[in-house]
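All chains are identified by letter, namely A, B and C, in their written order; residue positions are counted from 1 within each chain.
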């Protein structure tokens, strides 16, 4: 586990606007996620790691090369998979990927051969001679991935790799990325908003907000959210809630879902006993494992950005001016 | 709620007089073909109120369905009724629809407030009314702090929310959201999900289409599944699962003493088998999920064996889609 | 049919299992004793179970960091939410299952094997050559830049038309008709005409072919987003712009300068002039060549500047033609009204023509000094190159 990215007090200001604020990161090899709400400075961070930005102050090293002075060396060893479209629609996939290899400095023949290998790896073996304009979103994402890994980079930076993919394509993309880390023994830095995806692939996260580093480390190490038992009650949730309150448990409830703090092993037995007495069905009971999304939301709450609950949304009442019915509308409003 | 379809006409053409109980959306044996390509194949749906998740792979017919509902397409056969009238080339119901499309194009130079207020004016409100409604609806989606910022400066989550806001400004009774959560960070996602649930609770009809099953599961239990242009299922996800008799129901219990607990379940008349896949797991197989679940707490408590988890492993959207679409068992 | 669930005792009276109450009493003591009993067993599994069984697992110091504190953890409560339609546990909603899809998808077994590559990556100029090759080879070979068919056809057509004077010369030499030989032979006028005259084929065709070539050069990279592919690799922005410039310049040079040289050589070889002709007319040829180079350079820089400004497909091409022909037209109209040839300074074409006349020693058709035209040309080129560099530096790699 070596450190592949290390930065020290990186600061970048665009005039008065602070894009990066004294970032001191340390990212080790393996799969890491770069998280943060929109506008947190992730793009600037990525551009900085690619060595494309002139920093206001601070130092940094990626794969052992200085960010400020050795940008070319960094970009030879990094693969970047952008979020938005970046392919020429009129080209064939194989030629586009080959060109990407040549741009990195590969010889034409080697680039061509490697392009075949890499397109087969991402699952586009049968479609590699087709024009990119005929590709579905899933195939385009796979081609972008192929462009990024053609030169076998040590670090792969992916920006929203499952953007716009349907379930099957998403699963395949995530599997492919996972294999790159495991089989290929490469490192991935993944930016995504889908916490489920992140949890599948990455075990460490780096979270930034407004240019500042909020959290970094293993997901497991960061979580200390209350351990609760979650139950789904069918057919009398209110009775169950009352029974639990009477028994001294303090359940939280939303509709038919309830959670109680797990005090010890006997809490399970108590819950089932109460359910039997109240004659309700317990369709699900499990230790609620706080997910990465919960972690994210709790962190944002700590920073002062709550999510509007339904109660808040209901506070503002709609104005009661009526819409004049259009002449051809039969019968008026329902 | 989804009314019983047996009340709907069986192909006779009736005059649809707008009745207060008429469903918001009604498709009666609708087929839509594009030349030789099948868009929708004999689909009958009735929806009134609530949030319905629309699921299906790309090309299954979701966009065809939306276009038929809002009247941009005419069905090749069958009837489409929106609020009781035929929506094709009929602008009357438009004031009651809000549509949030997948496309990314917004007027980047306008502020959020300008954008929503201007679009509100297209519905016929006066300038003051439009501005007031715009402010209210921006507040509803949580954008009141940035209402005066240019849309070009919005983050992806804010752009999604401003799209939803503009669709809500005329207080529509039907809202169609096509992939509304794409590209949003978890904060924006959770806010939008709250908004959608709230709209459903207010009695509006909301159709949400998304590829990310876990998100649909968080938003609603009412789903509509399309596959290759056919309607595969419509209704509450658990009810649909219960109807799939050829896939027996399983209840997974985690316990230290699965064999002992299994013996406790066997006498129940609806349990037809128990299995022990791992040495801390018990799987109870049954054809009548409700009755076994009703008895479950009692059995567990009486047996005195500690159960630490209860689950229906295939009662979720992913398994449901698997059974329905791929014929997996 | 009994309504009650028979108790375990009734069904299995001989079973070793104890009736419920004693069991539940025994359970508690076992739970309390479990840490000790498990330790005695010396089992890896039970040691792990021991860890899990302890009520509050200690948070060991790790390299995690939260809000600036080392080993910080995130405490709080997880969000609770319920999907729409869950209600209070009512399961009475109706459901219909229309039919099960009959086409079962067959599975494919697909082995993904990651093959590493540890080859040598070449240096900067090999990469730059790749960019050049991409643009130029794309005109005649598949697998490189996909030029539109129209562009390739027009290019070919203009190329053929540019050899027109060579063909005329050959015809003249072959048939021996004096008139044709005089018309098409090497002379200041004809050299000038090849490169610059207001003869139809040059005044319109060269701008048209330039417009088609520069049309998508940089605007496509902006529109398709392929700039991300270039700049996330070790490609310098200056090299990128330089290679694009060079590729356009080379293509135009083939159309203008290569055909000029072919014409001149043709006159020597075919026109029966002999190599001593070079001594007499070599400087003329060089003058025309220099004027042609200036033309190629100017058209390329203006064209690329326009291509870098827009992100559309047609705007740069249309704007280029509009600029070249339009300024000439406007200057002509104003000159007709005010009779001052200095107005021609706004038209790049006329500036080039004027400088060409000066280089070839022809009579100037403009009244103002040629040095003014030269200065204007240099200014136009400088402005275009400045715009080009500014816009290339705004090409994006990521978009927030």
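In this text, a contact is a pair of C-beta atoms (placed from the backbone, for glycine too) under 8 Å apart; a residue touches a chain by one contact, two chains touch by 3 or more.
A quick note: this is a predicted structure, and the numbers were derived from the prediction, not measured.
When each chain is reduced to the mean of its CA atoms, the one lying nearest the mean of all protein CA atoms is A.
More C-beta pairs touch across one of A-C and B-C than the other; that pair is A-C. Each chain gets a centre from the mean of its Cα atoms; for subunit A and subunit B, those two points are 24 Å apart. A straight line joining the Cα centres of subunit A and subunit C is 28 Å long. Distance between subunit B and subunit C, defined via averaged C-alpha coordinates, is recorded as 40 Å.
Those residues of subunit C in touch with two or more other chains are numbered 24, 27, 79, 81, 86, 91, 400.
Along subunit A, residues 38-39, 234-235, 265, 269, 280-281, 297, 307 each make contact with two or more other chains.
Along subunit B, residues 155, 190, 194, 197, 201, 290, 298, 302, 306 each make contact with two or more other chains. On the subunit A side of its complex with subunit C, the touching residues are 26, 38-39, 42-44, 46-47, 50, 52, 71-73, 75-76, 78, 80, 82-92, 95, 98-100, 102-108, 110, 114, 117, 121, 123, 147, 151-152, 159, 175-176, 179-180, 183-184, 213-218, 221-226, 228, 233-238, 252-257, 259, 264-266, 269, 280-281, 288, 290-291, 294-295, 297-299, 301-302, 307.
Per the touch definition, subunit C reaches subunit A in the complex via residues 24, 27-28, 31, 53, 55, 59, 62-68, 72-82, 86-91, 110, 112-119, 121-124, 126-127, 130-131, 134, 142-144, 146, 220, 224-236, 397-400. Of all residues in subunit A, those touching subunit B in their complex are 36-39, 136, 160, 163-168, 170, 193-196, 234-235, 265, 268-269, 272-273, 275-276, 279-287, 293, 296-297, 300, 305, 307-310, 313-314, 316, 318-319, 321, 323-324, 326, 328-331, 333-334.
By the touch criterion stated above, subunit B contacts subunit C in their complex at residues 1-2, 4-5, 50-51, 155, 190, 193-194, 196-197, 200-201, 217-222, 227-228, 230-236, 238-240, 242-244, 260, 263-264, 267-269, 290, 295, 298-299, 302-306, 323-327.
If you check the complex, the residues on subunit B that touch subunit A are 17-18, 20, 22, 57-58, 83-85, 90-93, 95-96, 123-124, 129, 132-133, 136, 139-140, 142, 155-158, 170-171, 173, 182-191, 194-195, 197-198, 201, 211-214, 290, 293-294, 296-298, 300-302, 306-312, 315, 318, 321.
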